[in-house]
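Could you have a look at this structure, given as structure tokens, before my questions?
Chain lettering (A, B and C) follows the sequence in which the chains are written, and residue indices restart at 1 in each chain.
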Amino acid sequence: MKKMIALLLSLFAVQTALAELPVVTEKLDLEAAKNFAVDRLEGGYSLITVQNGGRFLLIPAGMDAPDGLDADIMLLYMPLDNLFVASTSTVALMDEIGALSAVTQTTYDVEDWYLPSVKQAVQDGQIAYIGHYKQPDFERIALNPPKLAVFSTMIEGTPDVQEKLDELGIPLLVDSSALEETPLGRMEWMKLYGVLLGRENEASTAFDAQKQKIESLEPMQENVTVAMFYITSKGALYVRNNGDYMVKMLELAGGRYAPKGLGTGEPGTRQMEMEAFYLVAGDADCILYMGQLGGKPKTLSQLIERNTLLADFKAVQNGRVYCTGADYFQQAGRLGDLIEDMNRMLSGDDAALNHIMKLE
Amino acid sequence: MKKTRCALCYAVLAVCFALLLAVSVGTGSAALSPHEILRILLLREGAGTAAYNVLLKIRLPRALAAAVMGGTLSVSGFLLQTFFRNPIAGPYVLGVSSGAKLAVGAVMIFGMKLWGCVPFGAVMTAAFVGAMLCASFVMIVSRKIHSMAMLLVVGMMIGNVCSAATDFFVTFAKESDIANLTSWSMGSFSAVSWGNLRICLAVIAVCLLLCLLLAKPIGAYQFGEHYAASMGVNVRRFRAALIGLSCLLAACVTALVGPISFVGIAVPYMTKKLLGTAKPMAVLPGCFLLGGVFCMACDWIARTAFSPTELAISTVTAFFGAPVVIMMALKRGGGHR
Amino acid sequence: MKPTLELDNLSVGYGRRVLLKDLCASILPGQILTLIGPNGAGKSTILKTISHHLACMGGVVRIGGENIERMDSCELAKRLSVVLTERVRPELMTCYDVAASGRYPYTGRFGRLTALDRDVIAQSLALVRVKELADKPFARVSDGQRQRVMIARALCQQPRVLVLDEPTSFLDIRYKIELSAILLHLAREQGVTIVMSLHEIDLAARVSDLVMGIGTHGVEMFGAPEAVFTEENITQLYGISSGVYDALSGSMELPRAEGAPYAFVLGGMGKATTVYRRLTREGTPFATGILAENDMDIPAARHLAARILTTAPFAPPSEAVLTEARQTLLNCGALLIPDGLEAHAWDDELICFAQEHCVEVRHA
């Protein structure tokens, strides 16, 4: 008898112990994104891990948090309908999956938005502008405490804002989509937001649609080389590295990136002297200029004003100079569209361009 | 009589201080009624509510920071102005802010490269250490130099060296790092947290008390080093204490909120004009009060003028402080002497 | 009486350089020691060493028998105070505040003034006669008044030794006289030992008990003014090569006009001295006579005249002197009669002689 009781007790103990640690039932299937992971747990919870950005437990509506969790896991209770988002790409991804209404506070004002739906929402007051991301109006944040704050990796430069949000008890998620190496990887973050905002199907559909656009592109007949860069008002020239996602986009669109050997596969841009750049990209067939960062030129002559050596570039002489549109870098959820546009640029289909404009 | 004028000024300053504290705590984007404010402040009711958070986690630390940092910078400025017998000297004249900026820049740029993140504690420590290293260097050099003008030059040159070194690091930095460093160096009361504020307040309180103990030798020093020595002041130790305290105070402020200009130069002058005396025992507390009033007013303007966009605090302090400095220069140059 | 200030084989200098060696002096309470000498010889260095602003390069300075090097700076401040040449510019202070700062060594941690302190300050202000200025801003009073307030400040330290570095330099004659009177009073009535440096040797001669002459070769003379202030001493000390120091008047005379005398000036009873000076200024060499040896014009005449004719006091001039006078007059172009001169018989004679021999006679 005593043995039976002991056995039952120990079984019970084991059972409760096991019950304290939710079991992982499946992982979210990700094709390209490497910087986040979603583990589905028993009981309907989801454990979200963001590279260098902490762990979150998503708790379905009406449920309580399970016991025995590590202290560093931040708890998010669904529905997450009050979000403070300081990253434009995050807002774009949320818009793409139809969850824009969940966003209530942002750090960009009306004039800084180029996505029509977002612009309208800020204008109508559905999304409130609460100041610059380095000095947000904490009072407004505290008055209407968001369930989650999403920042881009830029928050690493303002650790005091991070501390303050922590002090106010607001969970922070750092959107590291910019650190993804491939365009699909970047876009796949919309699946994360799908999980968070209860729109997983919409996220899958939107992602697949964009992927489809890329896959259904006809391969290019000719080899078109493209140079991508911008020049700041101080005259500094920045060129995209060979490992950057825009270069990958170009390759998916069927083009080839003119300069070689820039970087060792890391994303981002690097500064170059114009003469050195001319040597590697002077005979590129096409130029795609990053307008928003480089003075927003509207005509070819305005571009050449930024550095007269540009006039000697083959692309300039052949009149194949293009500039990214105002909304180019905010279309984080529509990289497929952007790649399609690049494809049109490569084949000279100027009339159908949506997010790129030709400089005449 | 002098004494009544002083007493009256103190009363007015204290009232202004309290008033501005009340205004800073009472106004903002959130509309809180005075009734609510008093309940939360005095009875600590409603923990966890939005109003509680706004008041106790956002407005109060910010108002206190503005008040105390402003007062501290003014005291620091007064100490150095007395030492150099030059009204243009400010708390940063011995390279304190340049040293802090260099350290913060190095930490931001290399910290990001090596560890991918830079906690605010690291920024604060870096700023403090950088400031004190610079000041220590100047103090060591000052042993060999006896001319005040030369010491000022040395301080400025060391500041320039630090700035040059900072620019050197900046060439290896990303645009975003540069932007972060630039915005740090403009100073801000925006995200002051209680934990950091408490540490700073403790250090500052001790230093300010020590300053009061220095009031008597400072008064003697106003006659010049030779006379001060003949009255019994140990000039070497006094110089070290004065510079040390001043730099320590300035370093604390810079560590918490970044460099804030003009407060340390303009406020001591205004205080002396107001009180009608330069006696340290009277001016030190006066500087603290007026500095707090000035800074609180500037911060209030910075955060409410174009809400939710915040002006940089240094912009506002320069806007009000620079004319004062100009007036002071005109008065001295135009008058006798 | 025990000496207040003793210099025991004192060597002074800056850095490694020794400027003066083996200075010895013993000053009693109430004595005034004045340092004179050319610039750069080391007067200020000595004063700075005595006041412990510079370290002794050798030897000892004792105040009241105690070595100042062994004294704590506060102790020293209660025994010795200074008045310096450097201009003091304390901001927004009244004269009372400036004087009150002298109580530094006696007040507590925060410098509060007690009733005793206030008494001392009041007495010091009264002593230098600036009581009425107490509430005036220090920056607004005159140089002389400022200097007196600085002395009041020094007195508030209740020193036994008061060191002053060229205290009269910026003062006009009225304030020089007043200051000297104050210093004398301090020495005599209060028993304060005063050590100062002065450029005005006429003042030094009148006010000092002891004079130390510091020249390019070190201490060249030390003693009572009567012994120190001779023409040779002063000429040598200051290296006067042109012009002259007159020990009697304690003042100077410009170099005499060179050449044979052109004018003959009748002298006597002090009336001719101004004429001598005018002629010297104009560059006219002159002769003068006939002066009694004890006449008041003699010092200036000795220094400035090309030729001087004298006679014993209270006796008419000898025939030889008269002849010489006439001879000299013949070689001159003019005879000048100073204003207010009470002519002796020989003066009238010389006038007639001049008129007879076509020498211009005029009033000076």
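Simple rule for what comes next: a contact is a pair of C-beta atoms (placed from the backbone, for glycine too) under 8 Å apart; a residue touches a chain by one contact, two chains touch by 3 or more.
Not measured: the values here are computed from a predicted model.
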Item to check | Touching subunit B and also subunit C, the following chains | outcome: none
Checklist outcome for this item: Per-chain C-alpha mean nearest global C-alpha mean belongs to chain B
Next on the checklist: Which chain has its C-alpha centroid farthest away from the centroid of subunit B?
Outcome noted: C
Checklist outcome for this item: Separation of the C-alpha centres, subunit B versus subunit C, in whole Å, is 53
Checklist entry - In whole angstrom, how far does the Cα centroid of subunit A sit from the Cα centroid of subunit B? => result 40
Checklist entry - What is the distance, in whole Å, between the centres of subunit A and subunit C, each centre taken as the mean of its C-alpha atoms? => result 91
Item to check | List of subunit C residues in touch with subunit B within their complex | outcome: 51-53, 73-74, 76-78, 80-82, 84, 86, 88-94, 97, 101-102, 104-105, 107, 109-111, 139, 157
Item to check | Complex contacts: residues of subunit A adjacent to subunit B | outcome: 52, 129-132, 134-140, 142-145, 154, 156-164, 167-168, 268
Next on the checklist: For a test of understanding, state which residues of subunit B touch subunit A in their complex under the given definition.
Outcome noted: 28-30, 50-51, 53-54, 57-59, 108, 112, 116-120, 122-123, 174, 176-177, 179-180, 183, 188, 190-194, 303, 307-310
Checklist outcome for this item: Counting only contacts in the complex, subunit B reaches subunit C at residues 2, 85, 212-213, 215-216, 219-220, 222-224, 226-227, 229-234, 272, 276-279, 281, 336-337
